[in-house]
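In the two assemblies presented below, chain A is common to both, partnered first by chain B and then by chain C.
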Partner chain A sequence: MNPFAQVLLDGIFTGSTYALMAAGLALILGVVKVVNLSHGAFFSLGAYVAYILSANGVSHPATAVVLSCIIAFAFGVFLGKSFINPVRFHPFSVAVGTLGFALLFEQAAQMLWGPHPASIGAGAPWATVSGIVVRRWGVVSVVASAGILAALALLLSSRWGLPLKLIAEDEEIARSVGMDVEKIRYLTFGFASATAAAAGALLAPATSITPTMGRVPLILSLIVVIASGMENVLAIFLVAVGLGLLSNISAYLLAPQWSYVSLLTVICLLLLLRPEGLSGTVPGRDY
Partner chain B sequence: MRRLVFFLPVAILVLLLCSLPSWAGSEHPGPIRIGVLAPLSGPFASGGSAFLQAVTLAAEQANAAGGVLGRHVDLVVADTQGRVDIARSEALRLTSREKVFALIGAYLSEETVGVIEVAAASRSVLIVPVAATAEITDLVRRKYERYRYVFRVGYSIPQWAGMMADFLGELRIERYAFVGAGIRWNRELGKELRKALARKGIVPVYETFYSPRTPAFEPVAVAVMARSPEILVLGDPGGNAAEFVKRVREGGATFPILSVGGALGDARVAATLPLSGPLYVQAAAWKGASAAATRYAEAFERRYGYSPVGYSDTLPFDAATLLFSAIRAAGRADSDSVVTALENGAFPAIAGIYRFDASHQAIWGTPELHGVVIRWETGGARIAYPDSQAR
Partner chain C sequence: MTGALALGSGLLLFLPLAGLDPFLLDVLTSGFFLACYVGSWDIVGGVAGQISLGHALFFGTATYSCALLTSLAGWPFAAAGGAALLLSTGVAAVVGAMSARLKGPFIALLTLALGEIAHEIMLGQTFFSPRGTYSWGGEGGVPVTLPWEALSPWAMYYGALLFLFLSTWGMTALARSKEGLIWTAISGSELTARASGVDVARHKWRAFLVAGFFAGAAGVGFAAHVGRATTSDFSLELSFQAATFAAIGGRGTIVGPVLAALFLHALFLGAGIAPAARVILYALALLLVLRFFPAGVAGTLRERLRARKMVSGGAGL
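Coming up: the complex of A and B.
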């Protein structure tokens, strides 16, 4: 086995998991224009759905993904309609409120399923090529994140995505042509929450499932969105993979603690040198 | 008027005499109130809730057997949230407002160091079940008069390292890797283990600590495998340990893994992990190690519906049991008498017989109190060490 080749491949896989989460977060930032700190809670929700199904003998990931998407969409729409829409012009209220929802979810998860770590069998690696292990969850991450981001790109370039783009550009114009902006916003919130839950359900076998498991993916996906900007779907994927590689290489060559430090250093440099993000074109973003 | 002057004192006297039985009644002691400090929310809630469950079970068993000195044991629970400031303020609330007689806790070393000051100031007995940092017993040794109310039931880091080193010595290995979480006691454990194993000629080929924020498990797993250790010692007791084991095993490594315990002692988690290589877990006690340990494990399973992990539940159970035994030995719930009883007594509990040294550290690593190492196999665990208890 060539250890460095393995680290590089794992970096791509790790980056894909960031992209999975970042896709929904970027959508919310772009369309609803709020920083959603409850995104990680939906990731945990998806993982718990997968765990409960697995514990009851239903181990097919598609079932977990579909069920968790439905539940997360319903919760997301409820949250978007009842809370985000009314206060979305007050960024501090949105941040505190969504964080509150995340903490509420963590407490509820602890009461329902206990605080103890839960786990699902991860299965054997997908393949081993020249001594390099192709991890099953890694393949799932790459395929799912590429699929979700491609679907998002298709949606935005199609007729169906026009309202989203218009709302992101100018809400007043969207409203003036008769669009139900509020409804599109909370449906977007629901859809983005469903993608986070799908990510949680897909990655559950690779992780340790705890009520607070969504915190780290939330921070990492925020880093990806800050670095990539939210205008270009391909940029989100590439930046996520780039950060995954950076994280793994620095952990391997320096020490695991450097993984986080290197990510934060990149973000600080980016904010200083290119505040609009790598793919952004508009200077001076308002988030 | 004369009559009134005569009868009034008599009437008061009669009234006082009539009320005597109720005074005598008030001398009947009330319940013994014990404060429990554990993180019941936040990232350490897993260990904290097991901690509380075990202490609750111990109190229930004591009450079912007639209480302690005939008095009911009442637990007053405080959630430390895994934070030093909260742990300290909750300890203050328990001792000053709730008037608890003794404290059991806290969970993390950092929390416990904060709580010690409150216990010392209020002269309340503090039994520390799991926090392992040397600072706790160092305080007792250096300033005995102030900190003599503090006793640690769980193993100290050098004792822990010593017990693990004994097991690794039995395996006759020469090279090991150590991976821990980037927290204080894990670093101390890594250092002590290195010293203990050096005496047996066992050397580390890799040692690292991952961050809880971005654990970067994959590169760490790759780095461990590239060093080809004969065993991997996993210092993280939390849920991340399960994830790391998955990474190592899916990478194709078949070398044995020895965990310090915690999450990997949970049968529900262990059942989902690949057993392509031996998975050992260190524990204070395990079902089958003794009649007491089996009784405890069965009672715990009946009460809570899952098996104890042998560490974050067993040690708090022993801490509570020990405290009750010391109160009985002292003959009254008085801090100084209980301290004297704890200093001079030998207390049988689940893990063995506890005695305390001059720094109020339970003496682990003796034939009376030594802990066990279990090995997960398909269908359950078996005790792998010590040989006298292996089956």
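Coming up: the complex of A and C.
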């Protein structure tokens, strides 16, 4: 029995699921060109959907993932079409508005389901390899997120991904060749929000479900996007797994709250070391 | 506008004499400090245009300094208040130096992360009372030892009101000074400001410094009023409230955010709405304002008024 090996394995499982969510955030940054602070709220939404389903006896992960994706897509399209698209040239409105949406969701979740942590049973171990327990949620999350990420990478490199790439590159040209840029933007926003909800639904058995649970994955995805850029899906995956390990190890060695603090410290350092970071990707005035 | 302000101050001065109930008096007193805090956000977030989402960091530094220095180190309140002001200004200097090279949304990320770090650390920190037997810290916070046993609520009310008048006057004067003009230029376009020979990084840093000072002053006053520093002083919700009230009142006008904070705080708290519901209402109001009044309610209305004046040839108000 080696507890540290268990922590590492679970870190890889959670990290690869965070990669799914981070890819969604990268998509928003590339196509919609905004820094979205509401991404974590969609993660919590997915986790709460999984929790409510399992509390009502539906414990198959696929149900939770599909249902939460549909709900998150609907909310994402609404947010993208009615709020993000009209204000996206005002960095202040985007930052404070998306944060406001996230806090709105947190407080609504607290009113609906209470501030106390809820949890789903992690289930019986699937396999035990020299004392390390492999559970269903871990295998399902890795397979599902790797699958969705691979599909996303394929889609982007096929002719279906061309409009997205063109908008990321130069939206004037995209508009001039007759693409409905606004529509592609809010659909992308909805789709990306669905990836966050899927990650939340997949990880729900592994975490305690609280209204503010989305803050950790939000910071983590922001780090991934700033550190690894928006194009390389493999880089996103690797950085996310690394951060998943970091957050699990600091939670194990120090205390659970330190995984959040360590991620916050990483993002501060990253911003200080790479201040030019993503400049050029976010539209608007020259600040 | 001047008439409305005079009426408002008259009403605020008259209310306690008109037999306002002690609960509402207390709500208004804490509202005065909150309003100063929101005004200080407007220095850096509105006038200088730097999106700060960690403003509670300066406020919380001040309240916690007051609490820890009086209760734990046994300092007199006046000395602790002075030290708290210095500390919050110092923290603002560090945050300002860190953000100086960053732009737009990335300042928002950095300040948000710094505020959350402070919040998490205070949430996990336990302090042992020097008299032993019990501990402070965590969500319940740390008590502030005050020099008075029980101050009359009237004295606190009028003291806080005077503090709000003075600090708002100071912040408005700064925003209208030459320094304030440079901040406005940076907010308009950093590139243009730099082209006109402005040392953008240094003036941004100064805006943080001034904002940290006034937020610290509000924190010291709040600590003196409430008698306790709690982790909500560092919370993301408090940072968000500053940006929200400023957006509703009109960013960059100082008086607008101050009045919006005072009015909404008094309205929602006075009506007895629970904290969670309050944050939801603030967030909804914010989203609607950002969507339909891009320059803030006061700002957009003023623009429309100005446009109408121009059409009617300068006649009007």
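Following the convention adopted for this analysis, the second predicted complex is superposed on the first by the 229 of 287 C-alpha atoms of A that agree within 3 Å, B and C clash if a C-alpha of one lies under 4 Å from a C-alpha of the other, contacts with A are read in each partner's own complex, and residues count from 1 in each chain.
Heads up, the rule we're going with is that a residue touches a chain if its C-beta (ideal position, glycine included) is under 8 Å from a C-beta of that chain, and two chains touch if they have at least 3 such contacts.
Predicted model only: the values in this text are computed from it and were never measured.
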Q.
Which partner chains sit in contact with A:V94 here, chain B, chain C, both or neither? Use first/second/both/neither.
A. second
Q) In the superposed arrangement, does A:Q107 touch chain B (first), chain C (second), both or neither? A) both
Q: Scan A:C268 for contacts with chain B and chain C and give back first, second, both or neither.
A: second
Q.
Just checking: does A:A255 make contact with chain B only, chain C only, both, or neither of them? Give me first, second, both or neither.
A. both
Q) Should A:V35 be classified as contacting the first partner (chain B), the second (chain C), both, or neither? A) second
Q: Pick one for A:G57: touches chain B only (first), chain C only (second), both, or neither.
A: neither
Q: Go through the superposed model and pick first if A:S208 touches only chain B, second if only chain C, both, or neither.
A: first
Q: Quick one: classify A:G178 as touching chain B (first), chain C (second), both or neither.
A: neither
Q | Interface residues of chain A shared between complexes with chain B and chain C | A | 107, 110, 219, 255, 257, 260
Q) For chain C, which residues are in contact with chain A within the complex? A) 45, 49, 51, 53, 98, 101-106, 108-110, 112-114, 116-117, 120-121, 123-124, 189-191, 236-237, 240, 243-244, 247, 251, 276-277, 279-280, 282-284, 286-287, 290-291, 294
Q. Okay, in this complex, where on chain A does chain B touch?
A. 1, 3, 6-7, 10-11, 13-14, 106-107, 110, 114-122, 124-125, 128, 133, 135-136, 206-213, 216, 219-220, 247-249, 251-252, 255-257, 259-260, 263
Q: Flag every residue of chain B that touches chain A in the complex, lowest number first.
A: 40-43, 45-46, 48-50, 182, 208-216, 218-220, 222-223, 225-226, 238-243, 246, 250-252, 263, 266, 268-269, 272-274, 306
(Q) Looking at the complex, which residues from chain A come into contact with chain C? (A) 34-35, 37, 82-83, 86-87, 90-97, 99-101, 103-104, 107-108, 110-111, 215, 219, 222, 255, 257, 260-261, 264-265, 267-268, 271-272, 275, 277-279, 282, 284-287
